[in-house]
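One chain, subunit A, appears in both complexes that follow, with subunit B as partner in the first and subunit C in the second.
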Partner chain A sequence: MRNGLRQSMAWLHTWSGLVVGWVLFAVFLTGTASYYKPEISRWMQPELRREASLGPDVLARAADLAVAHLQAHAAGARTWFITLPQPDRPLLELFWRTRPGTPPGRAVLDPRTGEPAALRETKGGEFLYRFHFELNLPPLWGRWIVGGCAMIMLVALVSGVVTHRRIFADFFTLRRDKSAQRGWLDAHNVTGVLALPFHLMITYTGVVTLALMYMPWGVTAAYRGDAQAYFAETGQITQPRPPAGRPGTLAPVGPMVRQAAATIPGPLERLTVANPRDANATVVAVFEEPHGLSHEHPQVAFDGATGAVVEVRQGGLRPAAKTFTTMVGLHEAHFAGAALRVLFFLCGLMGTAMVATGLVLWTVARLPRSGQAPGPGWRLVHGLNVGTVAGLPAAVAAYFLANRLLPPDLAGRAEWEVWAFFSTWLATTLAAFLPPPRQAWSGALVLAAALYLAVPVADVLTAAAAWDDPAWFLGFDAAIIALAACLAIIARKVARYEAPRRARRDAAGRPAPGAPPAAPEPALHAAPGPRGEGADARLGRA
Partner chain B sequence: MSHRRAARADILGRAAVAGRVVLAAGGGYGIAALATALLSLTLPLPRSEAVTAATLLSVAVMVGVVVAVFAARSLLRALVGVGAAGLVLGGALWLVAGAIPPGPAA
Partner chain C sequence: MNAGALLLNLGLSFLGLGALCLSLARHHGAVLRSSPRPARVLALRAAGWSLIGLSLAAAIRLEGGSFGPVQWLGSLVGAGLVLIAALSYRPRALPWMLLLAAAASLAAPALAMSRPAF
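== the complex of A and B ==
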């Protein structure tokens, strides 16, 4: 603080970025992968057969089978969630909640027979998607941690913009020839600035998706904390119907499905059954979002006991509610076609790279001087950097690989896949502390590349017989090979890197100390002081 | 001697930074929460719209407070600014919430 605004902001940026950087990297990486969540889920269940189209009669029959299963296995539940079969995913996916504190129940059924589906058990893309905002922790913990990190990222972005004088020039600045530290600083600036509108948008809208959990005080003040009443009044859900407290019998849902499909033109996505054994049971048919930016599902609510329509919700949101649903829609990018989704994916990768280059820059700016051993703080940051930046991609590859290599009928298979993810991540991080820094980087990157390369091999060897659309699966495998190639190129660059000539002259006679190796140029340290302060001050571009 | 003074200034500087971090997090969230509750009750919009608009704005409010806390010339000024804003918002909320008769939740 004693050095003026720009330095204090640079200090804030450096240290807040380091503290949340590892979490943000994980959030960015798994969030970016989640743009392809349906594709990942499909690839992870190659036995699944897609169907051309599913008429209302098929859906109605499937819904009746689902209710029969739930009556038998989840009669005491408060709410049933039934995801109806879709052409891309012709399965009945059931989910039910009994009471707060008890784990929810799940089942996946064949929509023709109502029997458990003959598919390998996996969490698919859903695991990466959930990890993106819950970190595989208890949901409340994960969401608060990710929200706090997102707020810090937002502050870093805004303070970065405010204090940045050369923001336009940074679009075009990448000085690889001066020194490694310059190169990493410029890479951090290019990835940060080029996709800045995306970073601001994705961070703000990301916080907004959970804003009512983080900031419930408006609902507290105006609705006395009744969030359901608030959601219903905004028009995002149908009016909640409290249970009557008397037992009732649920009417057949098949006719309700037919009537809902006749009321609203879009594809029917799921049913929610609230208080299924109460006289005031409610069945809500929820449709896919219609074309457009806004994340809003048309809905038809039925009286569960009589089967009569109670309410139809379709469009007509007021401006603030529409702004909210549009922000959520922008974050999820369900509206994006193939080309736009690639752009979202690339922007997400750029955000991931921005976090990674920032983390690497911290260690490069604080490389130990010649002859000195790195301190415990530096080694800790370096190890966690390698373990996160290279280890997390390796963990995702291990997750895919486990999906193909574990026996399809293994008990608890989905948990074993998740175990493969975390054990690979942990092992990479621990191993990163052992070898010299440069070898740690190239070794971890080679490992990640090898794991990605093994994924298509395992796919072809174990699952090719099950593919319903070989071209699609080969396309997915080609994308995985492209990722392996990127990682291999980076590993090679790290292993063969030589400091630029100017820097090398300064470094003559010293062993290359670190990875990505670079000799810090004394002339670049603008201000004397604690190591790395010069680099910090330059982040603010004095 | 001057070495010790420099070390002391360093520790004081770091303590001031830590103070700002605490003030930015706690004060930023507190101001944002008070502003959200106040705007939810006072914006001239239907009730659900006022709550939605206020909640959407709360993120920007908190970021603004955090940046202001770090931009302030001294920790004391930042503390006075956040405290004054909190008192004004809290007082206004107390008046407004008292003036609105308690109605049904929905």
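== the complex of A and C ==
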């Protein structure tokens, strides 16, 4: 059946996947790394000393110090956000918003003294996490772009399943002895099909996480656009209290912290103070999520002026809200213990690999014939592929490396780290257009491997004296070395690859082994197979 | 999380997927150097799906109705990845790996029962 459903779907899959592939690769890679966000943040601040446990008294004292700092430095702010110290991150992290349009303020304090913490300035794992859904753009722009790409990803997933008609027969098949195109297609199918439940779940729940932004009409119609009212009525936050318009004095927060800790078991995570200088000020104590799939934080709200409890919110969500919070919880996987987190991480890597193999497959399936120069479209896709698939991992390594090599007291240090990330990415992408395709791949992969290898070296040379738990830091470095080894193995495979004998059609046009390849060298020595395998293989046929 | 329950899920998933993969002529040939008879194909498929179902039942039983299915799917992906890597690089090692998975599945319940599940 020519031009039937399967052909249309194959076309849709190919082009929808290509258009958003580069963004999706970045989203998948940084999202997968974000499963280890707390670990990355800890590694990037080796000076941090962890505590065995922090009782309510320590938290109460820290909260009072935080409010004193905010009264002095952020008196005019609308809202203060105070992240309280936790045993594995004993810091007071302050964040405040003044009015729309002015940039928010931040401070990191030592919870014992209330003085600025003596730590190197870095965005840590938070940068990779936010990049995952905001791409370091203004938040609204980034979220729209990522959301649009995720929606197209759902299209690509469904059309991919329709296109692939031998799902069961090829479920376990990864042929390495056939043409390069066959191998790449098998790899694309295996990474896509094996973790398909994860891919569908993570893409769908990712869109759902920001669904209110993409589809605001329900809230516009029912709540006149007031999302806070919607969240409060569905039970996800405590009831907002509008400012009275009269000045007021904030009662001490220490007793509120003690009372909140006595009301709800479980670790207290942060405080939100709305309208701190108003007679109707509100203090909300937000707790860590209890163990469960659903992403919901128990909360206790206090009247800021009197210190009296106005609302306690714990569980009891209605089915629709529960569905939403469960989807967000599944996406974030905060519930996963160490072993299950490894499985989520593996699934994330397979998603990343699925996007990467799809992108490479596009170029392999459209290789110019030997002796012909590739067209501008092919060169563009190839260059962006190298710049993304090899360049982005290199950029992450450069980000880690900058964290160790930049002087600890450099002004604007956190921004310099981000600058290292983007300049490495941009430079790799631009450089990818210059050499012949195969050298571009192996060169970029060698660069990425070398950068990852340099990270633990820099760590041991510059930060070993600061480690509070050497075994933990060495474990992190070992994981980085494993990444470097994987990249080095791939680089070597790319450099040494020779197409299997039966897939070679035009051996005559090929340079002798060892000689530098001619200019339009095909990326991976894969000529279309003898039986016109090109079109068929692209459609998932054997 | 319960390490014994996860080990049980991984072992059962590997056995189940291994049986399903041996029911396909291509992989049966690569691993055992022969093609399977129709009766054996049927038996392998039945065993494979039953083991995967058993893995789901065990996950729900040990981890509860919300975490169980998540862990079950996760262990299927993990076991599948190892299986596919073995099939394309060391197909002849598969029988030994299946034996190992069977041993792990038999040992895991003892580990799972020794600590209370959530």
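Criterion: the second predicted complex is superposed on the first by the 501 of 542 C-alpha atoms of A that agree within 3 Å, B and C clash if a C-alpha of one lies under 4 Å from a C-alpha of the other, contacts with A are read in each partner's own complex, and residues count from 1 in each chain.
The rule is short, and it goes like this: a contact is a pair of C-beta atoms (placed from the backbone, for glycine too) under 8 Å apart; a residue touches a chain by one contact, two chains touch by 3 or more.
This structure is a prediction, so every number in the text was calculated from the model and none was measured.
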Item checked: Joint occupancy of subunit A by subunit B and subunit C, clash or fit -> fit
Notebook entry, point to check: So, does A:P247 touch the first partner subunit B, the second partner subunit C, both, or neither?
Noted result: neither
Notebook entry, point to check: Once the shared chain is lined up, is A:T220 touching subunit B (first), subunit C (second), both, or neither of them?
Noted result: first
Notebook entry, point to check: More residues of subunit A are touched by which chain, subunit B or subunit C?
Noted result: B
Notebook entry, point to check: In the superposed arrangement, which partner chain does A:A339 touch: subunit B (first), subunit C (second), both, or neither?
Noted result: second
Next item on the list: Rounded to a multiple of 10, tell me what angle the C-alpha centres of subunit B and subunit C make at the one for subunit A, in degrees.
Entry: 90
Note to self: Quick one: is A:V207 in contact with subunit B, with subunit C, with both, or with neither? Answer first, second, both or neither.
What the structure shows: first
Next item on the list: Could you tell me how near the closest CA atoms of subunit B and subunit C get once both structures are overlaid on the shared chain, in Å?
Entry: 19
Note to self: From the superposed pair, tell me which subunit A residues show up as contacts to subunit B and also as contacts to subunit C.
What the structure shows: none
Check: Any idea which subunit C residues touch subunit A in the complex?
Finding: 1, 3, 6, 17, 20-21, 24, 26-27, 66-67, 70-71, 73-75, 77-78, 80-81, 83-84, 87-88, 118
Check: Given the complex with subunit B, which residues does subunit A contribute to the contact?
Finding: 1-2, 5, 8-9, 11-12, 151, 154-155, 158-159, 162, 204, 207-208, 211-212, 215, 217-226, 229-230, 232-235, 318-321, 323-324, 327
Check: subunit C touches which residues of subunit A in the complex?
Finding: 169, 171-176, 190, 194-195, 197-198, 291-293, 330, 335-340, 342-344, 346-347, 350
Check: For the complex, which residues does subunit B have touching subunit A?
Finding: 9, 13, 16-17, 20, 24, 32-34, 36-41, 45-56, 58-60, 62-63, 66-67, 70-71, 75, 93, 97, 102, 105-106
